[in-house]
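Two complexes, one shared chain (subunit A), two partners (subunit B, subunit C).
Coming up: the complex of A and B.
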């Protein structure tokens, strides 16, 4: 356990040092990413304005808060891409990873967690600019802030598991891109990334609370932005924990089958 | 000039022959485009389940914007983006030397080497969406409107090319440029809606910084009967100016390029 902690600490530190060198590249990435919520925000505030200030229970200021917090959650959602597995297998990276005594999942979780630290630091000025431009209404309680903090990392872990599971399909077939795009489309619609679930028809909302996507995206945002009760806040964290465990179990099972399927490339 | 046209044509032919070897990719691209189209349509119906007009644009008008957005996006990913990505890779790997030592004009050469044929699916799908939108609009497509549309599209495409080339030339100084694709995709997504929707500072950025307005909104204005000849002239002038700047910057960058191979 102590070794594992040391591994995490060292990997995260390395990730911070390496990723900080490419601050310009990180900003390219982030500006491209920030464009998306700004588009949604503009569209929905325009609609709110034309409907007398409120649409789906959201005012312009609440939309602003939702989509600005969105940018941080989206950053926390960026994990090892499922498209990357093809590269790992083709280039023989995976053979090396398999020789290590640690499960490769640890490497990804630790590395991307370190990168998150860089991302959060670089994100702060962007959030400030967005807040100045769009005037969010945000009055979180201390409990909401604490739950928000933990739910961010919960979201990070849920999405890590989900995308790992998705990526592992590469062990069986490399014609995966259409499948991935279908997954990303469903995720976009059901996670609260496109619009808060409150704007969706009732049956979509029901489907969304039964699926993991929302717990990796909308829940952290709402923890801070909406007025959730303490029961809802803690229940949400509990559901996140459940989805992390379910994802972990899934990864374990599929990983074992995947490695049996694997024959090495390169070295 | 004739020489460059012949060169372009040859690269185009080779690129298509290459892509035709991978026919299964056509179906994958088709599936992906259909998914993207479905998401776009869901987004549009979400918007119009809460309102009847968005910033003065009706549903079929916004459908027309979506069609142009799809079409232009497909064109960019088919022709401009693959060339610029290859250029970035070449600068990093040092293989750009092979292109520079050829006798042809270097800017023309690096701009026509790659084509991703199957992205053309998006172009066709965009055209289809546009056709449905014009039917819904019951717009009369006169020759004048069609010509204005094609002219606006051409100017917009040239501006996007110039913009991409300027950004990519940055690879002579900045090494990790691959995120530029995400930067462009992110900002280009703003074109799904008419730029008049955005606050002033953003609209200015989307017009003059990243030419999304001219690439998508202006051609869509032609279809929906909003385009004035002043705007079209502006588009033409700006396209020429941007192309000139891009060409100057390309040669400026080249002078700073020392090569990475050999």
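Coming up: the complex of A and C.
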């Protein structure tokens, strides 16, 4: 366990070193990413203003809080994508990873976790500018802040497992981009990314609660922004843990079959 | 018990196949055709601890596929392999800690940071004790003479410099078995020589077993007493490098030096096929069985100043083995 922690620490440090080398590129990437929630925010605050200041129970200030926290959650749940798997196999990078006495999942989790440190540092000024522009209503309790912190990492791990599972299909098909686009559409609608789930029809909200997407996106936002009860907050963390474990089990099963299938086409 | 044991090892790939053109592409949507390609076809060999063995064959012969099976990257479709007592395809951590596979055309170091940082990452991957790691790392850096390069980002290194770093990174955990797949590919002669010397020294110091593929015969001649020759997935030869010429070379080369005036007047074709002529010096290709008779005749007929009898260059012998293998396969 000590060795594994040393590996995580070293990998995260290496990721931070590399990502800070490209801090300007990172910044432009993040600023580009902010365009999406700002559009949602402007649309919803305009609608709220035209309907007496409230839409579906959300005020303009709550929308602002939702979408500003959204920007952090979105950056935090960026993980190794199926596109990356295609590249990894085609370029022979996976062969190198398979030769190490450590599951490649550790490498990805540790690497992207290190990257998040850079993301958080770069996000703070962006959040400050957005807060000045849109005046969010945000009054979190200490418990909400603690749950928010853990749920951010929970969201990151859920999405890691889901996209790893999707990426493993590459072992059979070499290309998985089309399937990823389908996944992406479902995630957009059912995670709270496009619209807070509270604004969706009841049946969509029910479906969303039973699927993992919401727990990798909306739950961390709500933990900080909405007035969830302690039971809802802790229950949400529990559900995140369940999705992580389910994802991990899925990854283990599919990984065994995938490695048997591996043809090392790229070297 | 040999360190590497391979028995009837096979690997067959199912390769999708279709004709060129849009029509064929559309037809392949409905009915996908595949063809079974035997990349490795029931090969068997043993390698003892400490041996350095050359694995020779033309492109597509099955060398890399075999190395990938022995290092656990690929699952065999038949037969069995054992390396250090492990089944490679199970990829147990204890096995992976004791082997390395270096591919000359693949980069495993982090591109954007100095090699030293990548080495540190390898230390944690292999859970190496810090003091032992530093000792090993510094020893290799000194051996490779790269002390001034390890602090530069890898992307700023030349191909040869990068390859040196790759090799250091791949050996930091002091593996007992090295699978080297074209480690000198694309390098200049000096760099090739340096890498060869490093591998030889590593083998001498640690007693590691090395299985090496290379298209550069200089690598094989410098490092390997024994070679395996593979073609179309089948093992054609397993034995000493010198025995390869003995068995497959059908001719020898006689080098003769006369004085320049005499050399110009000799009808050399009577003694053999002239392969090179440079003033007073002539090289003749002579069937192996005729070598002794032609040598005696040359000495009797001509005022010979110097005479040598040599095996053909190893490249020619290998070419001949492959040609024989192709002919054999085409008649199979």
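Quick note on the criterion: the second predicted complex is superposed on the first by the 263 of 267 C-alpha atoms of A that agree within 3 Å, B and C clash if a C-alpha of one lies under 4 Å from a C-alpha of the other, contacts with A are read in each partner's own complex, and residues count from 1 in each chain.
As a working rule, a contact is a pair of C-beta atoms (placed from the backbone, for glycine too) under 8 Å apart; a residue touches a chain by one contact, two chains touch by 3 or more.
Computed from a predicted structure; not experimentally measured.
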I want to verify the contact counts: of subunit B and subunit C, which reaches more residues of subunit A? B
For A:189, is the partner it touches subunit B (first), subunit C (second), both, or none of the two (neither)? first
Would you sort A:143 into first (subunit B), second (subunit C), both or neither based on which partner it touches? neither
Touch test for A:31: subunit B only (first), subunit C only (second), both, or neither? first
Between subunit B (first) and subunit C (second), which does A:199 come into contact with in this model arrangement: first, second, both, or neither? first
Pick one for A:175: touches subunit B only (first), subunit C only (second), both, or neither. first
Touch check for A:128: first (subunit B), second (subunit C), both, or neither? neither
Partner chain(s) touched by A:51 [first = subunit B, second = subunit C, both, neither]: first
Could you give the residue numbers on subunit A that contact subunit B in one complex and subunit C in the other? 22
Residue ranges of subunit C in contact with subunit A within the complex: 13, 68, 71-75, 89, 91, 93-94, 96-97, 99-101, 103, 105-106, 108, 110, 112-113, 117-118, 120-121, 123-127
Touching residues (chain side subunit B, partner subunit A) in the complex: 24, 28, 31-32, 35-36, 38-39, 42-43, 46-47, 49-51, 53-55, 174, 176-180, 182-187, 189-190, 192-193, 197-199, 201-202
Using the touch definition up top, name the residues of subunit A that touch subunit B in the complex. 22, 24-26, 28-29, 31-36, 38-39, 42-43, 46-47, 50-51, 55-56, 133, 175, 177-178, 181-182, 185, 188-189, 194-195, 199-201
Spell out the residues on subunit A that touch subunit C in their complex, using ranges where they run on. 3, 6-7, 9-11, 14, 17-18, 21-22, 92-93, 95-96, 98-102, 259-260, 262-264, 267
